[in-house]
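One structure coming up, written as structure tokens, with questions to follow.
Naming follows writing order (A, B, C and D), and every chain is counted from residue 1.
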């Protein structure tokens, strides 16, 4: 059967049911805007997948951009995750909230060019440096929401990688930077001997685990921290600062070093995946944004915990954020739509604080060996 | 407000609507089995997120386990992705299909123990070697679907990491191995001087980007390859083998080396995320499974392309696979439910072939610089 | 001028002096066995470089193989290094010595073969598994000192990497394994469709920084540890366990994670380079053996410190160990010549303990900020 | 025995001979300046190690700084190495020479500070940005040869890493930057709440394999390339461009990706170690500088090969360069002593070209499977 022969979603799904002799009733049971989804988000559409959404919070956040309590929507099928984040939120909020710092490093795209040799590569780099204003103009013409921040170059033999860095306001921005780079690449090809090979040269680095983004930053890096007083550690987390830090040192630091991991955390990917999914982010980015570094220390009368997300690519307009349930999740956080980059930055900060909450709760569980227990209760159908 | 004060999902959502002054109508519009989802998959549930599902195919697969054409369900909000995978499927299927090899390496969990010193660590390792049968018995008692395959150890100072490897049949198996390791850890604590610090020591490695899983393998590693004849490359992919391989060498190989990436591919995470989401897998695993290696070579009268997924953790029972839309997606692939490990292995093979399809199409696009163009058309609402 | 036109070292050096109008008097001032060196160690020889050799110790070592005090020869031009290692030795020896565990993992070589596709690759792997005894026989025929331990395979597309692991007794063994693998590769080519591309496929991994050797081990991995009582920490190291561990956590663990380092240590490469050079090891191996993991913890009444060298390739016969000054350095350690693998293993253990000594001293210096001071005194010509 | 009880080198050596009942005659046979060596380079000195030095060349180099033919001194005990580099030099020089580009990125040192929390860290970073001129003044006061170029910061929890980057002219510069950073750290401590923990925080990154230096560059990064005409490839290298590139793709690129290597080359560490040793560089730096990327491509009528050394820390004054044989080796290259940074940069360029020569020759050997053969002839005592 030719899936593309069907213009109507329901007819396509029914044809598939017939062809494969399966029932797809639930997949056909959706309320999202079909026209929007089928033209902008998903080709050959046959319906929708439903993912349960839970809410954790309140989570108190303190940054120069926002100081407030939020409820965090999490779309997940992993039993115990929402409960765990919720416990972390409670610990943070009872301790006065998570302090947050965020930076608009920007979204990156790195075309790779073929050059005749390093001499020609050096000349091309020279031309780019001398004509940055012109490149900026050409790059930004495709979107009023895009500002070119800088271009960094790496050369290896006959290969020139140019890493463009853009501010894309409230959009995640990957598609618009691809268009912008395509225009810039044409200009570079016209004025140098460099020949475009691929508009993405894997130095972007988009959707691949890598050290470069961790070192250079990508998107909206976030730092989050808090001090949990001894009594919160005892009452909410059922552990001690010493036990918690023991897990940090042995598992998070040494285990990550031994296994050649990028970053060092307990399960940041879990929380990132759940918020990304709920709020319409691109979940393939989990491959790169999961490189989170968690630290923990015993401090006077309490436990210090921090999360550093050096690579965090999110948006509040475009992509999946236009879909109805996803937009509602952004509404829960008060960051739906465009707001001169402030909404995406607020979202990034909330994500950073939520990852911190998730780490606090899981590492606490691990430190008293209650994980298997929690999964047995929660993942198998008991109440919290 | 206290989210946990509500036992009914709709009441909880409505309370949240009132508290935050937002509308969550679409989130409340779901058909999944609330009892199941709210007790096993998601705490503090308020409804469901809807993600569009498209289908790519037919995709011909040839392995010792299955030889057939499948349609691949992809849940995504990224415009152009399904179309791209679909084109890759067409190229593969017109070329006679993708050859697949898969291996049941098994799911891993690595507790970290505190030891007094390396001498005590060595003694503990010795005891474990001598008592593997007993450890196996204790590990397997919590589930009839779990077989302990082996235990590998790493020691660093006062830290002993034991990496347990299990066959978990058709379950992804992370939760059941956590329980099994908890039981085994008790036994080890009783018989050696090693003290359990954390049931996960980050050498598992679960949901973190890492080299160890790539080197040792995890879950059900898959190799997929095919030779695309020149005419398929020209007609379906609109490029040439030479142009394609030029992108492989410069972007996939060199770009990945330069950026310190784990693995080397174009966008494996995209396809993995979309199938994982559609079929009820744990999308946080994208952090590790995205470390895919793609190769491409010009061969006689054609283009050879391969994908190697050395870390692929999937299941067809448990977790999100029990939910109705996810189960329907597994039905589309004919791999729903338990089947002595064959269903999860078939699913892994289909995922490997789908990743290959996605890579073939995107790298072809990049090689003729048509990516920006495709995104402009598809992501902005035009027809295919 | 044609350097190879000269058969006599002194004539060649003099011709060079004349050609370049330089004086090479000191280079011509050597006592090593010219015939040996110029035919086995160095082509186009013009003389010798002199490197100062210092000695650190006594260093007490306790393993199942040896329990004794040694003096460690260090060839170095870096002022303060010998003094620093010496101080570490003093701290260790006053604390009762370093406990050592070592394992003969063996030397590895990994040819890469071209295969038609993954199916042919799988067949070749199958043939190898079925004919391991024959491969072993062919591999071992070139040297009576070589035992094939196992072969591990990785496949990526049309590339098959076979990692041969050998016990090479007291030789470092890289050259003899190259010959052995060349013979084995011929056998494999004759019986499968795999075609040898390169006798080294970079999965060996020889002389390149890499994660694989750290995970799998290479050569003779060593673990070394000790507990330094508070008074030794105070009197010899002029610091406290708490300050020491503060540097471990922030610099050694977190700094290494942040910078994408392989391993986690302070300056293991310094000590490794100095012993390797003094004892005739191949100093290019520093690229891989430097991936050492150091741990440190405050324990009851003292400081626990450990070193783990998972990749340590050394020998006491062959290569540079035949040269006279190098042989004398091995004599200082009592490990010169062949001894059924025991000498190379003893040497590895001494190296592990020396690295531990070097780390203890430098990290102690750093913890009280006396490094600049020490370099000012020692590197600039003052007495100790 | 107490090694430090002896003020005279020969007495110390003799005492050791007596104590250990060994003969150290050759170690006592040296001509280097004992006063210099024993006070600036090596404590507890007992003599010197002799390493054979060979010469490869002529090697033609073309950069904006120098265009000339050089002979390259190589100190090594690895039979076949000099012969191999020599063959590579011949291939390059017959092809018109190696083009070289080099950049003075500068030497780096990264102290780690303890901060109360991320807010205090951010304040400290702010103060540093606002007072860069003052920090520069304080940093540069300890040496007239040192210029502070910039400071880059990374923060993780209560840890602030500041990476100082300096131009150190013709000195490798590690010691002088340590002193400079110690002074700067005092200033920062006086003006912020940051407390110095360690003057090196492992983000430097000094003498450890790491991704950060590869991405950011360190020392004097060098790019070298050349096109070898088909006839040179055939006559000098005994291979074809196609066979050569086959090894590049399968071994250098894919093998390095699979093994989690940093960089991608065949044996850059060999050549680096031999030149470093001959010219008085710090050979412990091999741990980091070995992360070289080699590329190779078939081009019209020839073979293109390149080397990129992104991290290359060298000097022509200070450290081991003051010793007599090492100084003579620098004289052979015409780069001995200080020359406003030009000598160290020339040396770096020569090293880059030599690494290229070494790679060309070895990869050519591998491509026709003649490595075992060469080692059998050369390493075992036959003539070239």
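Simple rule for what comes next: a residue touches a chain if its C-beta (ideal position, glycine included) is under 8 Å from a C-beta of that chain, and two chains touch if they have at least 3 such contacts.
Fair warning: this is a prediction, and the values are worked out from it, not measured in the lab.
Undergrad: Of the chain pairs A-B and A-C, which one is connected by the greater count of C-beta contacts?
TA: Answer to which pair has more contacts is A-B.
Undergrad: Based on CA centres, what chain would you say lies at the far end from chain A?
TA: Looking at centroid distances, C is the chain farthest away.
Undergrad: Can you give the whole-Å distance between the Cα centres of chain A and chain C?
TA: 41
Undergrad: Taking each chain's centre as its mean C-alpha position, how far apart are chain A and chain B in Å?
TA: 18
Undergrad: Send over the residues of chain D in touch with two or more other chains.
TA: 156-157, 159, 211-212, 215, 254, 256, 258-260, 262-264, 293, 295
Undergrad: In their complex, what parts of chain B are in touch with chain D?
TA: These residues of chain B touch chain D: 211, 214-215, 249, 253-254, 256-260, 262-264, 293, 295.
Undergrad: Hey, which residues of chain C end up touching chain B in the complex?
TA: On the chain C side, the touching residues are 99, 101, 117-119, 122, 155-159, 211-212, 215-216, 223-225, 227, 260, 293-297, 304-306, 308.
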